[in-house]
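These notes open a run of structures that come right after.
Presented sequentially are two complexes of subunit A, the first with subunit B as partner and the second with subunit C.
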Partner chain A sequence: MKRSLVRIFTVLMLLGLVITACAPQAATEEAMEQPAATEAAQPAATDEAMPAPVEKTVVIGFTSSLTGSQEVSSKRQVNGLNLWMQQVNDAGGIQLSDGTVVKFEAVTYDDESNKERVQELYTRIITEDNADFLISPYSSGLTAAATIVAEQNGKIMLTAGAAEDDAYKTGNTSLFQLYTPGSLYLISTVDMLKTLDPSAKVAIVHENDKFSTAVIDGLKPYLDQQGFEVVLEEGYASDTTDFGPVINKLVESGATVLLGGGHYPDGSTFARQLYERKVGLNFISLLVAPADSKFPELGDAALGIATSSQWELAATHTEAEAAALGKEWYGPTGTDFAAAYEAMTGDKPTYHVAGGYMTGLVLQKAIENADSVDPDAVRAALEAMDIFTFYGGVQFDTTPEAHGLQISHKMVVAQWQKNDAGELQRVVIWPADVATADPLYPIPAP
Partner chain B sequence: MKLWNKYSGLIVPVIVVLALAIWPIITGKPANRETAFTILKAIALATSLNILLGYTGYVSFGHIVFYGFGGYVGLFLLTEKNWSLGAAILAGGVASGILAYLLGSAILRLRGAYFALATIGVNEAMRSFITNFELFGASTGITLNFSVYKAYGGAAQALQTSFYIGAGLALLALIISYLVRTSKFGLGLLAIRENEDAAEVMGVVAPRAKTWAYVLSAIVPGMIGVLFFFKNGNVEPHDAFPLNASIELLVMVMLGGQGTVLGPILGAFAYQGMRGYLVTSPIFKNIQLSVSGVLLLLIVLFIPAGVVGWLRHRIPSLRKVLA
Partner chain C sequence: MEQTIRLLLASLPDGILLGFVYGLAAMGLTLIWGVMNVINLSHGPIIALGMFSTFFVYTRLGINPYVGIIPIAVVGLLLGILIYAVAVHRVINAPHLSSLLATFSVNMIIIGIGTAALTTSPYNVDFSAGSIQIGSVTLLGTRLIAALVTIIFTSGLYFFLYRTRPGKYIRAVANNRSAAELMGVPSTRILALSFGLGTMLAAVSGGLIATFFPFSILAGGGYEIKSFVIGVLGGLGNPIGALFGGLILGILEGVIPAFMETSWVPVIEFALFVLILLVRPSGLFGAKK
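Right, the complex of A and B next:
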């Protein structure tokens, strides 16, 4: 009897696996496959007198976190990259002056949000899959491991979800960062607080990881410089699910403003528990989580929660802005980018999506400027780049001390507020010149 | 022939490890080198855990603490004190051995589930301590500057060197395991595993024997920790003390066959080899966690004694070879 049960159980599990393996791939995979299909269907050169253009397929390699703690943000980053790739391939690729048409294809694996496999997978991507250019995994920790492999193979790696500063200060020559560095993440928020409530008592409660700690390390001296009193500084473990003890300390500290957070899982849980405990803070700014389109699933717990955002559609950058700054404008408008993304996925783009898209767009611009896909020429083009896009400025530090660190891009402060229909929407509240709404300050008591 | 008869229990595991070390050289593929490194690291860690789990019967859910602690000590010495890689690896092993001695003296008085729970506590306490320990970089950890690799011929050569050292450490772990298994000291440990009270009556000084088994099982993980984080370029608390890695090590030991020299090697090979294949397989890469879970379940259901245990039971003539 027992043996029969075991056999039935085994057969059922194997059947389940076969069905799962035969099932259609996820939407993101489909999106990734599409460019290849488009490429195959590309018509031949129309002018018979002209020699047929030589088509070169550039392989872009990266790992993504299909599972694990970085899953949500990582998938959005990959979606953004897929959108760019689909667009550039559909548009016929990049035309070089020698007649070569450059098209792109991706090779990617699941890193499980686990650093152990990152080096193994990036080595495979470079040496077996022959990737020409690399995109970083999502998160500073995973990227730090991947950079070693990129550096040893002399491969250019464009990074999006890797804001922590240290990775760019190791003497590398191949990294190029699209995000504003972690140490500058909360500077705009402090500037806003200075105008709203200079006497605010600040509590800093953050995830104890590489990225969040780097943000806080940049924040503390700036708070001090601006004359704010920090009444509490507390770190929590990345896998924290019960914030009760931290909230108790927060209440006892007498803080009126909370700055901190970490990533999506902890940030959303923290926001919900703050609401349930009716802590009654005037202002809450958390990293990463409130920037995700899933965040309003928290309901009223999301109301008033602010975040530092790399990009917001409501305050997207424009060609006029570029002209005023005297910078070269490049790429689509924010509205066109958002519409294309919504058409592809049915979802609104977050800054993680924009970051992923930008890695592709910046690579495209570098190849165009270099008029080549030669890595050294593309590297030189990236080092010389100073452009302005819907995402904002893009320029890289070229000093040996911090090679590749982003020095042009600025962040905005976004907050979840209710519109006239009572629906939650993310609005931009700072800087004042791009704000779409006034800050909700203080946050209404739960 | 005489040599084979006497040392067959050692020769077979050595051949397996050497074959794994030579595979990337023959194929000339760096991707194979990285895959082999992951497996060799697992072999060294699982074999070390087997000294405590397999021979002594004490289940440690927090054995990864020695890997993380050794790694931190080694990377600190490499970056802050400019020690060479070799000296840092030795220091990492010694530091983990000392930690094991101190911990073992206290928690090895506990038995069964109480000891297992205590090991989890030790790992979590160490992670919390390191997260707040400024000397080791607190929560941001320690990041290596690329200039460190220049002393080893650049980043590419440093990864190659790391691979050879990893193979050497895997060999060291299995030699220690074999020597313990075939020694009088090892016999005492096996007696403790079967019945600790009876072993003490027979003259085995159980607390001392268990503590030394714990120390021996901690040294190589400490050394491997230094090597891995050197190769990885940085160390952070959550990478250094992942509880799930401890559980994976237990699975590897159980899978291959606890209490044998070859068992953990086969377990580590099968587990990491399978994960490595699934994660890059075009068919399975999107469901690799489900597939590996089902495969593990099947193995546990049908061969609960592990591969080596099953083979020893089915083919008695192999018992000498599969030590």
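Right, the complex of A and C next:
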């Protein structure tokens, strides 16, 4: 008898808890419905006066690698996007011609640098969080996983940190790339080498992942075309920490120039071990890692290491440049962008930050041009876009063969050099017309 | 051909030196398995904690990383005893799955706290011990010293297991716990000590690896897997065999890239792992008897 009473009491308690838990939700739903009602009622009530602006919140969904191998660059990309979102919302949002004010809200999760998590989370972002537009995760590998979900659901995805070309060549129509494609990453570097040392013997040592492989696939024919001798080509696993055997091969190959790398963890390790082993190459260009502001933590091992960069503050693009090209200028200047970012984070912006910021800025421009947040109208605006910003040109391939591939943006070559005070700083060394310093060639022996 | 031989000569010393440290890490894992039949899945994060200990000892306290190995060893020993008392002792007689899950939980706790406190960004210990150049061979000082420290720890472990009373107790418990208990051996304390020693070796190996490779809180996972391969190569439960297993793995990692792409190294390592399990499951140097 006593036991039955306890059971009944427990059931009642649970029931009470369930009702209590449900009550606020119902209230919230009501509260959420209220503005719509107000929106409908407003024009009639204030017929004579100015119509109150209708606010529309656009949900932008993305994952970021708060943990795992892509953490460093991914966090910077997200910081850039957050800066744009903060700026556009603080400025009162985007005003459409029908009086609607568009503001933005982010829905984001940690993908742990894991492809399986990316697919699971983008599905959730689309189906449960009802995101209106998507931004890619960082890295070509993770983005390739996310694009499948985006494409299946017909959601527009702006990609930064996803340079590999293939994702845009498989019939996708919802992807729009902000980075220069991977296959063109090292073209400027080869052009520079051609003027510095046409007889250089090149070793290609790269991470075995989608992005780096795409870069190398674009590099090899161009090296061949420019008459360079490739004396070594070697891939390494993404989690490689011991580059000793690779470096021994590099030394044996007689290479004078090294082109390759992959992402931050492997690239910084590779640079450090090249220095420790006093390899003495004339020139080293690694992907991604040297573009990060953490790279000088390597000390003298960073000296002379070059990278292909999507954007450098020292060579930021200007309105005058846009005018000379006959393109429409849009967005803040590079200096204003950098100052705002530094005020927000206390850190100097890298190209990963600029890439993240640009995804937001390009979406903003597309909404403005479309004068709507309707996905089809925004997609059409993106396809028609041909603008110039502090980051450079933005225009997308609209052919079915490579829809969404970036065709306007150009890269620069940056290198870590020491200033007069002996401090390491990243300078732009190519193209010559935007270079802020001469290339350090050959790199001083360790 | 001449180039391949030169490449082999250049890579072999590197592989051997690295193999010593791999062996030290595996010794910790195999000691715990040998004494108490527990597969310690917290081994990787403990290696990572050893790496971070070196980082903080060197960069924050300014202590030489090799001097810092002493406190790291002591803390590792105490941490191991604590983990044993909290997570392992209650499931020591339960089926293997229970201890596996218990140590996996410890693994997740360490990684969770570590990720929150230290993020998963790569860390570097910017320490150089110079290098020795012999012809085309470069021997890095950090790897030479790490190999030397490993030899000291291995000798110490051997002396402890074969020449001291607690060491003999450990061997007795490893051979037959019930019989050892009947002979008055305090098995609980000995098991805790063994777990502490295994953890200590993992932490020390992590501390040494941090002087030449970058690391994050997730970095221990790779070395944990290597430790399993080495354990099988050298014979599970045979700590000294683990050292030789480590050397074999190190040599393979040094030699294989001379003939093929570096990315083939893990393929061959794990093929060897399966082969040893099939052909000689007790390992090349014999498992515990």
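By our rule, the second predicted complex is superposed on the first by the 398 of 446 C-alpha atoms of A that agree within 3 Å, B and C clash if a C-alpha of one lies under 4 Å from a C-alpha of the other, contacts with A are read in each partner's own complex, and residues count from 1 in each chain.
Rule of thumb we're sticking to: a residue touches a chain if its C-beta (ideal position, glycine included) is under 8 Å from a C-beta of that chain, and two chains touch if they have at least 3 such contacts.
Bear in mind that the values here come from a model prediction, so they are computed numbers and not experimental data.
Student: Mind checking subunit B and subunit C on superposed subunit A, clash or fit?
Tutor: Clash - subunit B and subunit C, as placed by superposing on subunit A, overlap.
Student: Pick one for A:L298: touches subunit B only (first), subunit C only (second), both, or neither.
Tutor: Second partner only, subunit C.
Student: Give the label of whichever partner, subunit B or subunit C, reaches more residues of subunit A.
Tutor: B
Student: With the two structures laid over each other on chain A, which partner does A:A167 touch: subunit B (first), subunit C (second), both, or neither?
Tutor: Touch status of A:A167: first partner only.
Student: Should A:G141 be classified as contacting the first partner (subunit B), the second (subunit C), both, or neither?
Tutor: The first partner, subunit B, only.
Student: Applying the document's definition of touch, where does A:L232 land relative to subunit B and subunit C: first, second, both, or neither?
Tutor: Neither partner.
Student: Would you sort A:V373 into first (subunit B), second (subunit C), both or neither based on which partner it touches?
Tutor: A:V373 sits against neither subunit B nor subunit C.
Student: Examine A:I156 and indicate which partner it touches, taking first as subunit B and second as subunit C; both and neither are also allowed.
Tutor: Touch status of A:I156: no partner.
Student: For A:R124, using the defined touch cut-off, is the partner it touches subunit B, subunit C, both, or neither? Pick first, second, both or neither.
Tutor: First partner only, subunit B.
Student: For A:N208, decide between first (touching subunit B), second (touching subunit C), both and neither.
Tutor: both
Student: Quick one: classify A:A435 as touching subunit B (first), subunit C (second), both or neither.
Tutor: Touch partners of A:A435: none, neither subunit B nor subunit C.
Student: Taking the stated contact definition, name every residue in subunit A that is touched by subunit B in one complex and by subunit C in the other, in rising order.
Tutor: Residues 67, 208, 235, 237, which sit in both footprints.
Student: For subunit A, which residues are in contact with subunit B within the complex?
Tutor: Those in contact with subunit B are residues 6, 10, 13-14, 17, 20-21, 25-26, 29, 66-67, 109-110, 112, 115-117, 119-121, 123-124, 126-128, 141, 144-145, 147-149, 151-153, 164, 166-167, 170-172, 208-210, 212-214, 217, 235, 237-238.
Student: Give the list of subunit B residues in touch with subunit A in this complex.
Tutor: 29-31, 33-35, 37-38, 127-128, 131-132, 138-141, 143-147, 154-156, 158-159, 231-234, 236-239, 245, 276, 279-280, 283-291, 294, 297-298, 301
Student: Which residues of subunit A touch subunit C once you look at their complex with the stated criterion?
Tutor: Contacts found on subunit A: 67-69, 71-72, 208, 234-237, 239-242, 244-246, 248-249, 251-252, 264-265, 268-269, 272, 276-278, 294, 297-299.
Student: Using the touch definition up top, name the residues of subunit C that touch subunit A in the complex.
Tutor: Contacts found on subunit C: 3, 6-7, 10-11, 14-15, 18, 115, 119-122, 124, 126, 128, 131, 133, 136, 138, 140, 213-214, 216, 218-219, 222, 253-254, 256-258, 261-263, 265-266.
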